[in-house]
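Read through the structures below before going on.
Below, chain A partners chain B and then partners chain C, in two separate complexes.
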Partner chain A sequence: MTADVGVAPLRRTGKRRWRWNVGMLALPVGAWLVFFFIVPFGLIAWYSFGDKPSLYQTHSNEILSLDRYFDALDPTFLAIFGRTLNIAVTGTVICLLVAFPIAYWMAVKLPARFQGLVLGLVLVPYWTNFLVRTIGWRITLSPESFLADISRNLGFGTPDWLYTSGAVQLGVVYNYLPLMILPLYVALERLDHRLLEASRDLGASAGESFRRVTVPLSLPGIGAGLLLVFVPLMGDYITPAVLGGASGSMVGQMVASQFQTAQNWALGSAMAIVLMLAIALAVIVFGLIFKVIGALIARSERVTVLDDGVAEGRTA
Partner chain B sequence: MTAVSERPATEAASVDESVSGPKKRRHVDIGTVLISIWGVLGLLFLFFPVLVIVAYSFNTGRQLQSWQGFGFTSYVNAFNNPTIVSTIYVSIYVAFFTAIVSAILGSLAGVAMARSGRAWWIPAFTALLGLVLVTPEIVNAVSLLPWFVDLGTTWNLPIFSIGVVRLIVAHSLFACAVVTFIVRARMAGMSASLEEAAADLGAPPIRRFLDITFPLMRPAVISGALLSFTLSLDNTVISSFVSVAGSTPWPVYVFSSLRSSLRPEIAAVSTLMLLLTLAVLGLVAFVLLRAQKRVGGDAPGLASTLAGGN
Partner chain C sequence: MTTLDVATDTVTQAPVQPGRVLLSGVSKVYGKSYAVQNLDLDVRAGEFISLLGPSGCGKTTTLRMIGGFEYPDEGTISISGAEMGQLPPHKRPVNTVFQAYALFPHMSVAKNVAYGLRYADVPKGAIAGRVGDALAMVRMKHLADRMPAQLSGGQQQRIALARALVKRPSVLLLDEPMSALDRKLREEMQIELKLLQQQLGTTFVFVTHDQEEAMTMSDRIAVMNHGRVEQIGSPAEVYDAPATSYVAGFIGQQNFLTGSVTAAAAGTLTVAVPGATLASSVPAVTPVSVGDAVTVAVRPENVTVTGGSSAATNAIPATLMGVSQLGSYLQVVTMTAEGVKIVARTNRSVDLPTELGVPVTCSWPAEAVRVYVA
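For the complex of A and B:
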């Protein structure tokens, strides 16, 4: 424990009811986040039980009901929600499949002196404005772009890539790929490379040592990556707005339009709450499945022994 | 995550590799070649749209996506357009104050977390920060808009009707959480013994903080502030909900011009903004690497810090 707990009591004899504690430095942020993050969320939760009384009012809580939730779950919303879920799950899986070899290459195959450089190269597009990157794809996929010129010159005609759900799928995979690469890279880099060599020396094939050593030990990184990609992807609003058009819209846009164009805050709030609950539910279900898979792998592949060895090696 | 304790493992691995490397790599196996090609293609994929934007910023045409010719007209036009100039000014102004607010609040919380051991509130506080980091921006955005309106009217706090104030507060939420985690990671890697020694020698808390704690955490505070600056500069979703007419930040201007037509000026300013972001991030990397050289550390630590994680 810190000095403040150990030393302070000696000097300040129990006159004050509370004594200064370093933990209190967390109070300003706590208060800030409660006031501007928790309370606003509570506010829209409250609005979601009200309604939009007239054309000129955005919300009213005169009459409380669950009607907005029934309104929110109408067929249009559910259809778009289904499409969003589809894009999000597909996008997350594609991100994992694309990112794993990249992260593996960076962490295991690249010489240590190039790792920092390549990491920087991954971070540059990640820190480029999200909207601007997406506009880059919009230019590329538009019928006037250089790719379209190439397509015409090859005799494939003018492509109509833009404003399709395929464009949105490409856009989200692109936009969230760094969020998958980074945790995977961190996990694979921490993996003790000697374990891989040991498994090879003990006669495991490359595929086998990958399956029985690399994958189980990088499971935490995989989990973090899936979470970091899936959650923001479900609420994405920029990518479909730039690339999707009418046929590629997602839930985030529906929520936004209730606040920005329809001015129906009650319904918009209900939609936002539904979205949050759905994401939380998906994460919980997914977390449980992930735990079960991890446990099954650990049991069947006996990596628990290995894992303990690593843990001891680390802490020693 | 303690950078110091990881060092031996990494070093051992790299030493090991250099010893066994030449023996094993006499023949280059096909798997390594394929995975390297995949990795390089992945990097090209990541850079592709960024390069497209930079290239099209030199488009002399009237529409961004249809290429006419090479020239600097878009840059000249952008700076002769008072609306664009004012949005850039708003963006940088907001980013500057977001960085200051988040650096101060986040540093305090980071120290508190790192130096409180296993206090009862740590798990709840970590969960709160985690929630801030993972909540989809759109939910944040739609909940802040009614709250600001409410604060400005019902609560009679006109300060929350000012556009830049709203933007600074909104941007600072995510940034505070990031700074907190960076500072906590830094301070958790430092032993508290220096502070204890100062306390034993009779230094009052404020003196201890200024003479010992702050110099130790300075690299984390600086890099946290710079990251907050770039986060604020990039924020589009929340900004487009809370901003008020007259204080539109740059990304919101770009987003709203999607509905009419995109002009090359947008690519020009985006390229300049990218250069600004890169300069700031270069500074972050420099500060962190220099600090890590003193206490020990590695690339993954930097990666997880820059990724905004813990």
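For the complex of A and C:
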């Protein structure tokens, strides 16, 4: 300590000096966030505490209350909310199960020169208009489609696939699949195949190598894919509107109809807030599950507690 | 009866000898070309053998076939007396140190080293001890809890070595493990690796394109080119008596001159090259006769540079082009009238013409001249 006296402290400290010209670089993104996220979100939150005072007004904040939240949480809403959660969780899991082999095949098995092409084949439908794609499924699932013809010819009769929860489930998996494939592909593509060779070399079978090397290293991709699919899927209202009918409606439609049809912005806002809170809660639960899985993997690998060894090595 | 059995045994099949690797007639085809062609290699138990050659010579492919990452299209590989056939890598009694180390980035050093022990007959309680021993062996025990990303290249290399050796394989394969290290560290590691190998008695099969590295560590070197072994022998054999002009050029520096044989007497070959007549007292590896086109090789350290022109046998007139100090010796570059560059290495104390551009004579003894069929 005494030796330090008179020595100028190092200039580099943890604290960074604010420089306004560098800070300006964040202005466009900041403005975008303020005007397209924070302000609308604030408005929705504000409206949700008001009410719909008359037939010709959409909302009013004259009297503030939590009544709209109690209105929102009625049995119909909760039933549809339950179905939405069911479709979203099932859809996300199906997306993961379908996307993983595809992404694995693309990233690991496919020669590099074909990867761009196949990636394009995944992306082109995704870039096609969401509504058009979904209507495509309406045609395919309708009683007049070629699939229905095949069903009739095989003697199964005219199927009633359209306007069911199943149709919505199929539609969302189809619509959100690229959002799962892409992060998984990126994670698996970055995975060094030599790590798998090293694993095999050390005595692990192909399956063991997959479990101990491929899966842990693609966990970030899996997490990103789950979020990218689950969050927009919870709020989706186009897919159920086109394919779901009455028996396959989702909570996003209820919010939309409060704004567009019922003109009750206060109730719609309360429902939107409830939906957002539910999604945030689900993401937190997802995160916790992920942490637990990570901890379990680490635990299963924790063979070597070098208590004695480490201490000995450090003192040496 | 029994003696007869033993005798036939050694001739017909490899005796069971842990650590012996036998490749016979091994070929590997990629597309339309041979990566490895009809390769025979008998790696003795406990030896340090280097597969040396330029990139694309088939050395890495050979190593990968021993490790089980590729299967030969023809021929057989046996390790410790057992035929490998189509056995996958995880069932072979070998371990590999990979070129880029291939440490698992999501596991600590200790977990990396312990990885393979799960598949060995090691009781759970003994794993920690084995990992500690392996880390102590490469002097990395104090880094057991670090992640690979926190380590330097040299440290990662040691961990990769510990991870491969912790299972105590009878054969260790090393695929250019030092190519990413800087020169000084590489030289230290070479000595350390050789000592480790001697101490363990494990067979090391080391792939490299660096001839100095191969010379430093190996008991034997297999010089490879175009998927074949050109020569196999001790470092001294390969350096002093290269079997082909390719080996002569690949191992150490070499001056090459082309000419034709003018006389082939017993013990002496006479070769006419542009500007001089050369005599060789070393028998050619492939027999040559008068009139054959040949390549003549002379090592720089055998060349003596003197002032003035001379036209004696084994002396060639040249012009002094440059002199460089390379530590303990001088490198002298000269050029003959025909534009052939001749390099000499001499002791620093030697008297040399100092002016560039002056006429000099490069000469050498007949024992230093090696003749190869062109």
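To be clear about the criterion, the second predicted complex is superposed on the first by the 278 of 316 C-alpha atoms of A that agree within 3 Å, B and C clash if a C-alpha of one lies under 4 Å from a C-alpha of the other, contacts with A are read in each partner's own complex, and residues count from 1 in each chain.
As a convention for this text, contacts are C-beta pairs under 8 Å (C-beta built on N, C-alpha and C of every residue); 3 or more make two chains touch, one makes a residue touch a chain.
It should be emphasised that the depicted structure is a prediction, and the values quoted were computed from it without experimental measurement.
> Examine A:Leu97 and indicate which partner it touches, taking first as chain B and second as chain C; both and neither are also allowed.
neither
> Classify the contacts of A:Ile63 with the two partner chains as first (chain B alone), second (chain C alone), both, or neither.
It touches nothing on chain B or chain C.
> Go through the superposed model and pick first if A:Ser205 touches only chain B, second if only chain C, both, or neither.
second
> For A:Ala295, using the defined touch cut-off, is the partner it touches chain B, chain C, both, or neither? Pick first, second, both or neither.
After superposition on chain A, A:Ala295 lies in contact with neither partner.
> Scan A:Pro216 for contacts with chain B and chain C and give back first, second, both or neither.
A:Pro216: touches chain C, not chain B.
> In the overlay, answer first, second, both or neither for which of chain B and chain C A:Glu197 touches.
both
> What residues on chain A does chain C touch that chain B touches too?
Of chain A, residues 192, 194, 197, 206, 313-314 contact chain B in one complex and chain C in the other.
> In their complex, what parts of chain A are in touch with chain B?
Residues 1-4, 6-7, 20-26, 28-30, 32-34, 36-41, 43-44, 47, 58-59, 98-99, 101-102, 104-106, 109-110, 112, 115-116, 118-140, 142, 144-146, 174, 177-179, 181-183, 185-186, 189-190, 192-194, 197, 206, 224, 227-228, 231-232, 234-238, 241-242, 252, 255-256, 259-260, 265, 268-269, 272, 275-276, 279, 313-315 of chain A touch chain B in their complex.
> If you look only at chain A, which of its residues touch chain C in the complex?
Contacts found on chain A: 192, 194-195, 197-206, 208, 212-213, 216-217, 301-310, 312-314, 316.
> Considering the complex alone, what residue numbers of chain C touch chain A?
67-69, 88-90, 94-96, 98, 100, 102-107, 110-111, 113-120, 124, 127-128, 131-132, 135-136, 141-145, 163-164, 167
> Could you list, by residue number, the parts of chain B that touch chain A in their complex?
Per the stated touch rule, the residues are 5-6, 9-10, 12-14, 16-17, 20, 31-32, 35-36, 38-39, 42-43, 45-53, 56, 63-67, 105-106, 108-109, 111-113, 115-117, 119, 121, 125, 128-129, 131-132, 134-147, 150, 169-170, 172-173, 176-177, 180, 192, 195-196, 198-200, 205, 208, 230, 233-234, 236-237, 241, 251, 254-255, 258, 262, 266-267, 270, 273-274, 277-278, 281, 285, 298-300, 302-304, 306-307, 309.
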